[in-house]
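Both of the next two complexes hold chain A, though its partner changes from chain B to chain C.
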Partner chain A sequence: MKSKAQIKMFETLAILFIFFMLLTFGIIFYGRVQKTTISQETQEIVILNAIQVSERASFLPDVQCSFDNIPVDDCIDVEKVQALSNIYLDNLAYYYNIFGFSEILINQTYPDAGAWVIYSNPTPGSFQRIQLPVSIYHPIQDTYALGFIDVRVQG
Partner chain B sequence: MKKSQMEIMGLVIIVILVSLAVLFVVQFIFLKESGTLKKTYTHTQLAANTLNAITKTTARSCKNQDLTQLLQDCAAYNVQGGIIICDDGRRSCDYANDAIGEILSKTLNAWNKEYSLIASIGSTDIVDYTTENCAPERKDIEKQTKIYPIPVPGQSQPMTLRLDICN
Partner chain C sequence: MDAILTGAGLSSGTINVIQIPKIEIAFTCDEDDISSFGIGGFEERLPVEVVFAPNLVKGREIITWALSFSAPFKVMNFLYVTSPEVRYVFVASPSNTFAQKIKDNMPEEVFTEIMAPNELDSKLRDLNNYKIKFIFFKNNPEQIPISAKTLSDDAIKAIKVDNGKVTFYKKVGNTFQLEGQSYFMKNQAESVWLDEETLYGAIFSEDLAAYECNLRKMLKRLDFVTQIYAQRETTLKSQLASADSYQARCSPFYSETINYFQNTIEDCITIGKGCDALPSLIPPIERDNEDLKQKSCPLLY
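And then the complex of A and B:
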């Protein structure tokens, strides 16, 4: 009887041991799944933020072409760009509210090359990059060149 | 059947059910495709923005015409290669082709995009820049498409400028 009780006790201990092992594995597995899900959702949020910043940059009135106060989509006025690249540092707080930690460049590729920085406030680390072609209007010559807007958003 | 055999059967069923659950979780969470939002947005915007920008671009060494006007001239007088003669002696068809090729090489090619840009009127292709993996006939790949109709003087149908960006 004594040995029978001992056997039963060992049986109970073994069951408890296996139960807690399974519970531990389950918790570790669940933690891994949650970590992956959270990391994917964080990535989605960072990408959405990058898209928002690139949309704001593309439609920023400070650089967008306009004729008789009518804005033109997908068009950047080079004179406005040059002006903004000279003054954005003096108004960093204002533009930080719009662009956050990011860097926005206008690169002209055709017919000749050119580059302007219209906002630069990066932090070290990884970033999302979006490049979109735009027309670059030269109002003095009344001609359109082609380039792209290069948006790098931290995250 | 003995009681112990029944209990073992029960344990086996539980193990099988747990394994199936783990397989489902791995399939739908760990192997889930991510990052399609940015790709869809950038490719859609890329197609639209690229065409808009190309059509507005001024050909500075071709009487300051924009590329739309050169393409219209090329489409209207395709047999002669266009009647506009640019400052360097090239006709509008050659100039437009070269300009668009240069633009694409500095943008979509430089960004390693697969694309197909075709300007056509009827069954005649005026401009055709297609990368290896983005032929228009391929239906098995996802594409973002922008089509830009351009009226051509003297022609009953417009020219179509079509840009496909392939995923």
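And then the complex of A and C:
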């Protein structure tokens, strides 16, 4: 009778052991899946934020070309860019509300190379990068060049 | 919601009807001129965007409408947000073509109607709207129409549009009463700078405080955009003066009108002076731009 009781106890212990092993494996597996999901969702948010910033930069009246108040899409006025680069540092808090922690550059590639900073407020770490082709208008010469907006958003 | 508002505000002249779960979206603007929208206790700040909306937007759809605001160059897009369950009642005599034009230009999806002042009691029916905004043209709002008397004071608001000014009223019991003091004008509850985009802002805004909060945000934005155009004008003037003789002929036509406009804006923002003069400083800039266009010179804007 004593040995029967002992066998039953060992059975119970074995079942409990297996149960807790399975529970542990389940928790570890679930935790890993959640980590991957959170990482993917974070990445999606970062990309969405980068797209928002690049859209704002492209359509901002502060830099967008306009002729007789008709805005021109995908066109940047280089004199406006230079003016903005002079004033945004004194008003960083305001432009931070538009661009956050990011860096926005205009790179001219044709016919001559050139580069201008629209906004620069980066933080160390990884960033999401988006490049959009634009035409660059030089009002004094009344000429156009080709280039791209380079948007790097922290995330 | 943030992405929806960003996207909706990028292209002017666009109307979006967005299906949403049956939720309530609260729009506020605090004393620091930071507006925000909140859903279920979560709040998102809108420090730069100008969004004219009732304090509560609820239902299964929200309507967003973006219009470009220029002074005279493009400053920003205004975003108007409302619900099909909010009712906008235009009160004007049948001969008032301006009132009809303002009503007709509003998106079809927005619930609008127009009636004469003496028809309010007879024609206005209770359609179970949670909010009604009356827009009076020239007539003073006095008595609350019979069918609207049962609604709470918060549910009924009114504005009066007359002579380029808009006056805000709130419901107190069975009558309309003036709201408080205006930031821009010494007269009670009157706000200036009335072009169509800001008039629609007054129509969609919950009250005077929300309207002026957004106007102050607009002014801040106008300040920065004007600084850029002023610097651009100065650069064009100086660089063209030293260019070849054909381009140098353009330099005298840049008369620094934008600089003067920018200085007045700064005075308006910092010391509250000159705000009512701002609209009158726009036509000289437009004239200069027109002159430059006729002479084939680089434009101011």
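FYI, the second predicted complex is superposed on the first by the 155 of 155 C-alpha atoms of A that agree within 3 Å, B and C clash if a C-alpha of one lies under 4 Å from a C-alpha of the other, contacts with A are read in each partner's own complex, and residues count from 1 in each chain.
FYI, contacts are C-beta pairs under 8 Å (C-beta built on N, C-alpha and C of every residue); 3 or more make two chains touch, one makes a residue touch a chain.
Small disclaimer: the values here were computed from a predicted structure and weren't measured.
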item	value
Clash-or-fit label for the pair chain B, chain C on chain A	fit
Partner chain in contact with A:98 - chain B first, chain C second, else both or neither	second
First, second, both or neither for A:48, with chain B first and chain C second	both
First, second, both or neither for A:24, with chain B first and chain C second	neither
Which of chain B and chain C A:12 touches, first, second, both or neither	neither
Partner chain in contact with A:75 - chain B first, chain C second, else both or neither	first
Touching partner for A:86 - first (chain B), second (chain C), both, neither	second
Touched partner set for A:62, first chain B, second chain C, both or neither	second
Chain B versus chain C as contact partner of A:123, first or second or both or neither	neither
Superposition-derived angle with apex at the Cα centre of chain A and sides reaching chain B and chain C, degrees in steps of 10	100
Which of chain B and chain C A:131 touches, first, second, both or neither	first
Per-pair minimum CA distance [chain C against chain B, superposed on A] in Å	14
Chain B and chain C contact sites that coincide on chain A, given as residue numbers	48
For the chain C and chain A complex, residues of the former touching the latter	3, 6-7, 10, 47-48, 70, 72-76, 220, 224-225, 227-229, 231-232, 235-236, 239-240, 243, 247, 289, 293, 298-299, 301
In the complex with chain C, residue positions of chain A that touch it	48, 52, 55-56, 59, 61-62, 64, 66-69, 71, 77, 79-80, 82-84, 86-87, 91, 94, 97-98, 139-140, 142
Residues of chain A that touch chain B when the two form their complex	29, 33, 36-37, 40, 43-44, 47-48, 50-51, 73-75, 109-111, 128, 130-135, 143-148
Complex contacts: residues of chain B adjacent to chain A	22, 25, 29-30, 32, 34-35, 37-38, 41-42, 45-46, 48-50, 52-54, 56-58, 60-61, 64, 66, 99, 102-103, 106-107, 111
